[in-house]
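These notes are about the structure you will find just below.
Chains here go by letter, A, B, C and D, matching the order in which they are written, and residues are numbered from 1 within each.
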Amino acid sequence: MSNQEDQPDPTGNNDHLIKSADSQHPANLIPELCRKFWTLGWVTGTGGGASIRNDDLVYLAPSGVQKELMKPEDIYVLALSQQVDPKQRIYLRSPPAFKPSQCTPLFIAAFTKRNAGCCIHTHSQWAVLVTLLLETVQSDLFEINNIEQIKGFGKGFQKQGNLGYHDTLKIPVIENTPHEEDLTESLEEAMNKYPDTYAVLVRRHGIYVWGETVHKAKTQAERFDRPLFMEGNSADVF
Amino acid sequence: MSNQEDQPDPTGNNDHLIKSADSQHPANLIPELCRKFWTLGWVTGTGGGASIRNDDLVYLAPSGVQKELMKPEDIYVLALSQQVDPKQRIYLRSPPAFKPSQCTPLFIAAFTKRNAGCCIHTHSQWAVLVTLLLETVQSDLFEINNIEQIKGFGKGFQKQGNLGYHDTLKIPVIENTPHEEDLTESLEEAMNKYPDTYAVLVRRHGIYVWGETVHKAKTQAERFDRPLFMEGNSADVF
Amino acid sequence: MSNQEDQPDPTGNNDHLIKSADSQHPANLIPELCRKFWTLGWVTGTGGGASIRNDDLVYLAPSGVQKELMKPEDIYVLALSQQVDPKQRIYLRSPPAFKPSQCTPLFIAAFTKRNAGCCIHTHSQWAVLVTLLLETVQSDLFEINNIEQIKGFGKGFQKQGNLGYHDTLKIPVIENTPHEEDLTESLEEAMNKYPDTYAVLVRRHGIYVWGETVHKAKTQAERFDRPLFMEGNSADVF
Amino acid sequence: MSNQEDQPDPTGNNDHLIKSADSQHPANLIPELCRKFWTLGWVTGTGGGASIRNDDLVYLAPSGVQKELMKPEDIYVLALSQQVDPKQRIYLRSPPAFKPSQCTPLFIAAFTKRNAGCCIHTHSQWAVLVTLLLETVQSDLFEINNIEQIKGFGKGFQKQGNLGYHDTLKIPVIENTPHEEDLTESLEEAMNKYPDTYAVLVRRHGIYVWGETVHKAKTQAERFDRPLFMEGNSADVF
């Protein structure tokens, strides 16, 4: 469901913002990422997605689209600096046939609070399973250490270097809400409480992962999935 | 096995009904969907399939074909309005080398009783596993709530909006029969008993999923598979 | 390891036997099948393979080749009618750089004893797991009924029609041997004891599946894998 | 992290070393292998990789690259004979935008101590799970026999023939270290203690697999993954 007060761009559709022959342009990259995520089983049905920020411009997948079929023409674009009221979102470019994603405020939180360049949202089955396992012990924090995969994560926002093998990767778990946009407050709280995290798990829902670049966000998302698989597949082992 | 009384189109084969340069034409879409389903492991051997309705016309995959190799020329076409007797099915277009699918009456039930535009039948391993788990507690109803995936389902036939996160998704389970066409009666009964369902599980067999459009049916089929995976993989968790 | 007494074709290499523009020609089909099987995880390393019979001619994948990279030029061809001594196998066409597969006598058993048109050998992980589960109860027979997948199997050699849903699919399990060719005797014994089977499981090794045509053998192999998955994944359910 | 003292080639970048129209050239093969490994889930995030030796020349994937997107231009080349001090590694060819992989000394150990032609490093989830299972019994040796897959391994360094079905495949497990290059000593010790092994598991990390050729290393890596899957998936069975 879209936010009814979202304002389409009134002066034209600025299609030049999503047309580029460069395969690394966000409007080309987002569909390519979503195709990969569909193959990985991370985005099923129309759930999950990705957003890329390029300076002030934010590129967003729309709501309700089949993720493996997305095209550059389906991409929304907005300027962060133009956003005054989250309930009156201003888009520079809107696709004619879609609605904005409910994930938009969550992606924007990663961009504005963490200066992220890319944010990925998946419904990874391992992410969901782990939040269920943690629920049985009433935990809202996934912690893991002594596992090689965690070395792919930065030490945290504005810190140099990556986590070491003996460091502990901590991913907060927030409770799901009926409307995805209502996750924004608790996602921001989790970011405040765990300022160095690059991801937030959403109970019975999935995971948000971000990074300074598309490369960082994507490889961190892949690296998160593996320890979650380990935990989900062998809870008795750890 | 085909129904012996099926009547081929006596006046020519109407191949124009399955020839189109439009990738969204049902005769092109069904093979594309079946290739994806084969990759997902939903249609193994020759089992499973998909059917699309376009107003009065129904497009059907044939029986016994390798699903990842299907071609537009393999597609059956019939007009709903011409069907008088299920035992004397009239086809506008029949492929020369195949038999009609035994799923035909089940697909037609979704089209006529629910006004569906697309119906998908899979042998998803998670669907089968869940029917086995439910069998151990003598249940013929799969119920799940508080899981994000269910938000992808409409509230029901002729209702506005989608299920909420706290709503309960209910999928009836019907018992399998030796002949697939004999499932029709119990599928229709399940539709009557659960008028808002978009799917029916078939014990030790698979699942039927439908929707108003190909987009809806396909994304609902993907969304169903995930909670079934959750249930099948962690029965002790829920 | 090849049989040292294998005789290469002395009069030339008969490359015309493996050159065809027809995608359905056995020399084109075997590499395509093996690529699919590699993707399915059925043929890992160099293990597993497929053979096709066309009247008297038998086409065979070689030993030791990476299955997803196989080419028509890698295919062996022999004439069944020319085989007098299994230890002195006569090939009409041999690829220059490979050795004959140790599976050759097993494929030939399916062709000669069951008139099969295609025989597939996989190292399916579910097949291996099931033989291990059966080993714990000292069983050499996998039996399953009341599962839709079994309806894809014929009733048996020279019989009409397919298994019904309530019929019992029986697949004998033979013990593995150090040399694959030494399986031939027990495979043939299993064929004699279970004349209607289209497959034989090999303990701690994999499965042989055959059929009258490539279509039948392949779809049966796909259908076998699913009940084996069910059994391997939920031994307590059945 | 790269070794700070690594010396780029001072006399030009020798791009001719990584440009070839031959699909079997190491600079073309490494990216192709890494794409396959990404699809198999063996190399997630930027972890894992492959290296090929051609006589004195060693081709190496760089650090920190998305493995499914690697290009020949990303490949490092060094001459084994020019390496005097591991802390002062000399490269014939360095990609402009990357750092050398920390796996470099481990790959080189396989080349110099075992005369390998290719070495593969994966983060296979089954490899990691098995090291965790072995940890619960304080074991640093994975042993398996009577499983067909082991027949794909050579008997050992400078020995003729392959393991038999009744032989025991032994893979040592070494403890992980914070810096991957610090694994070198224990990897070499494991090679000394188990001179016939073609692989070393790294606890909570992954596996190194090598072979005389790319073909041998790759097919052995595929074959290792299957028994590890068996062990990880059915620890109670063996």
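Please note the rule applied: a residue touches a chain if its C-beta (ideal position, glycine included) is under 8 Å from a C-beta of that chain, and two chains touch if they have at least 3 such contacts.
According to UniProt, the chain labels map to these proteins: A, B, C, D = Methylthioribulose-1-phosphate dehydratase.
Values in this document were obtained by computation on a predicted structure and should not be read as measured data.
Peer 1: Among all chains, whose Cα centre is located farthest from the one for chain A?
Peer 2: The chain lying farthest from chain A is C.
Peer 1: Which integer distance in Å separates the CA centroid of chain B from that of chain D?
Peer 2: Taking the mean C-alpha position of each chain, the two centres sit 46 Å apart.
Peer 1: If you average the Cα atoms of chain C and of chain D to get two centres, how far apart are those centres in Å?
Peer 2: Chain C and chain D have C-alpha centres separated by 32 Å.
Peer 1: Which positions in chain A are in touch with at least two other chains?
Peer 2: none
Peer 1: Spell out all pairs of chains that touch, sorted by label.
Peer 2: A-B, A-D, B-C, C-D
Peer 1: Taking the touch rule as given, give the residues of chain B at its contact with chain C in the complex, in rising order.
Peer 2: Per the touch definition, chain B meets chain C at residues 1, 44-47, 66, 123, 125, 128-129, 132-133, 136, 176-178, 202, 204-206, 232.
Peer 1: Taking the touch rule as given, give the residues of chain B at its contact with chain A in the complex, in rising order.
Peer 2: Result: residues 146-149, 152, 161-162, 164-166, 215, 218-220, 222-223, 225-226, 229-230, 233-234, 237-238 of chain B touch chain A.
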